[in-house]
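Consider the two complexes below, in which chain A is the common component and chain B and chain C are the respective partners.
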Partner chain A sequence: MSLAHRRPLWQFCPAHCIQLFLHFVGVLVLLDLHTHSIKSDDGRAKVENYCQWIRSKNLPLDGFVLTEHRQFDNESDYSALAEKFDLCILKASEVETEYGHVLVYGVTPALQEAFDFASIALPLAKVIEACNAHGAVAVPCHPGRPRVGMFAHTDELGVPEGVNIVEIYNGGSRDQEDQIAIDNATRLNYQGVGGSDSHIVSHVGRCATRFDDQIESMDDLVAALKAGKFEAVSLKGTV
Partner chain B sequence: MAISTIQEVVFGEDLPTFIPDTSLAIASQFAKLVGWGGPRFTDHEGARKEGLPGAMVPGILNQGYLVAMIHHWAPDAEIKAIDTVFRAPVIADEKHTISGVVTDVNEEDGQVEIDLTVSNEKGETRVFGTATVQLPLG
Partner chain C sequence: MGMIVDQDIAEARDQFLNQDFDEKTFVIPAEKTIEYARLCGETAARFLDPAHPDFQAPPTFVASLSGSRALPENFPRFGLGMDAGKGVECFLPVRPGTTITGRTHLHDIYSKTGRSGRMVFAVSRIEFFDAAGQHLANADSRVVMREKS
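Presenting the complex of A and B:
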């Protein structure tokens, strides 16, 4: 995948130009790590329309990760769309635990056997243990949100073992949810990622994660997350 | 400019922003008309006692505003479906904005998909959804 978008530079706003320059010199990759398509029960976006939107609006994204609720989409093959739109399209999952929702990157057939992705009450410890055993990464998402966010439960349940990364920028956050996530992540020395949590086409890219290395596959993404070579980015109000 | 036919629609086009009347008076009147009693739609203090941040605008009134917005943009449009996800209450007496944008255009059958977002003054999404709209082929 070429990271050099095939568009004139003057089509971009200054912030995008800086991002694009860094892309041209091969330094940074920007991925939205949290999106939903019509495969999710509350998702209303077709993947092709995400691609069209990113390109027609000149969003500074190099790709996105589909994190469908309570499942892993084994069926869909987005490689043709990825090639057509010159985007990196990866598949992951968003599962539900007693600590709230958790993104899982690096889902394999063996990992799908390790726990029931459809469950709404998975033990987080079991999810983390299985991810570690199968080379995946578990990332609690929107952790500052009431009920479905990890930090809403740590007073009662304690700080869970094995969490290294949480989502600190979420495109659907309200009130002080992102700040709660940032404050707690700082206190607990977690790293942070960003994702739009988009359920409709026009919300993609509101938040994202910037990587130092090129990401072309889920293996690349998992390796970069484990290496800690990334930074959360909020693009709210600019895309 | 109002849209008349599918040929005039462009992918990514924004619909004119719509400011719905979210006053407590309207929310309360609507709720009573449709038979939804109770303070959650009629009284801020009563709604707070129910654990809400304030009285809410009824969901079906919000859906009505979404339809009105689309018809302002394309008066001859037939709305085939409105599909909404209510993420947070639309609080009465707070200013909200409805935005819409075209996210799919099918020139063969004249249908478009529109993303719809109801946001409050802080820019937080309270309601989002999609509409499938039939436009004249021209």
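Presenting the complex of A and C:
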């Protein structure tokens, strides 16, 4: 997967210039780690339309991760789209806990047996324990958001054990939600990722995560997250 | 929000899902389906011309038909209900000039959490059958109830 995507230089928009700049300073891969397709009950974006949008708008993304609400999409195979559009398309999940919503990367059949993905009342400790047992990574998302963000609950419930990464840039954040996430992540020494939380195609890529290593599979992504070799990026206002 | 429970959703699913709670017959006048098609911007003759050999109602027409009640009797009031969208599945054409029967059941009940707290979704499905008992279409109506906080 090439950052330049075999396009002549004169076709690059400002967002692509950002990508090229990131490339020259050592970035290999930029992924949107938080997107929803029509597989989610509130998603209005078809995966093919995400791909078309990314390419037609020359967005500086190398791929995206589908994090469908309260489920893991076992059915869909996006490998043909990934090849056609030269994008990395991965599948994960967004589950709901007493600390708010949590992205789960590295979902396996065994992990799906470990807890009920459809529940809105999962204990975060159980989700983290199961993720650790099955080689997955749990990442509380939009943690600065009222009600469904982790830091809205830490005063009442305490700081949960086992969290290492939180989403500090979320494309759907309002007001100070991202800043609350950043401040608390800094205070608690968490690493941060970024994702657009897009439900419609035009929101994809608003936030993303850059990785120093090549990411071509969920195993690669999980390994990079566990290794801490990434950085959250906000592209709001540029894409 | 504190601790969330979804035991009530599980109980509602056990009690109400997949049980017909309404049955209603619908006469399908050609002038009504043609007007519906025209308002939708349809241009295909099979939706607009009664003389067309495959004259039929537009596929989404069934979404305009509603049963006698939207939710079962005694369905718990989780909060204020609002329309959360419609969906249609078509299996066979609905022919104008015929009478069809709609039987309604709750197809799904689920919840999710958001900035405003817990929301409960109920999906009522009307299954439409012709006089011969052939399953023509399904029309889903989704209601969201924002929980009183």
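Annotations for the structure displayed:
Assume the second predicted complex is superposed on the first by the 224 of 239 C-alpha atoms of A that agree within 3 Å, B and C clash if a C-alpha of one lies under 4 Å from a C-alpha of the other, contacts with A are read in each partner's own complex, and residues count from 1 in each chain.
Here, a contact is a pair of C-beta atoms (placed from the backbone, for glycine too) under 8 Å apart; a residue touches a chain by one contact, two chains touch by 3 or more.
Not measured: the values here are computed from a predicted model.
Of the two partner chains placed by superposition, only chain C is touched by A:Arg145; chain B is not. By the document's definition of touching, neither partner reaches A:Arg210: not chain B, not chain C. When the two structures are aligned on the shared chain, A:Arg44 is found in touch with chain B, with no touch to chain C. Of the two partner chains placed by superposition, A:His36 touches none, neither chain B nor chain C. Residue contacts after overlaying the shared chain place A:Ser202 against chain B, while chain C stays out of touching range. In the superposition on chain A, the residues of chain A touched by chain B in one structure and by chain C in the other are 42.
Taken in their complex, chain C has these residues touching chain A: 1-6, 110-118, 121.
By the touch rule above, chain B contacts chain A in their complex via residues 11-12, 83, 85, 87-88, 101, 103-104, 113, 115-117, 122-125, 128-130. Note for the complex: chain A touches chain B at residues 42, 44-46, 49, 52-53, 56-57, 172-175, 199-203, 236-237. Touching chain C in their complex are the following residues of chain A: 41-42, 69-70, 96, 98, 100-101, 118-121, 145-148, 152-153, 156.
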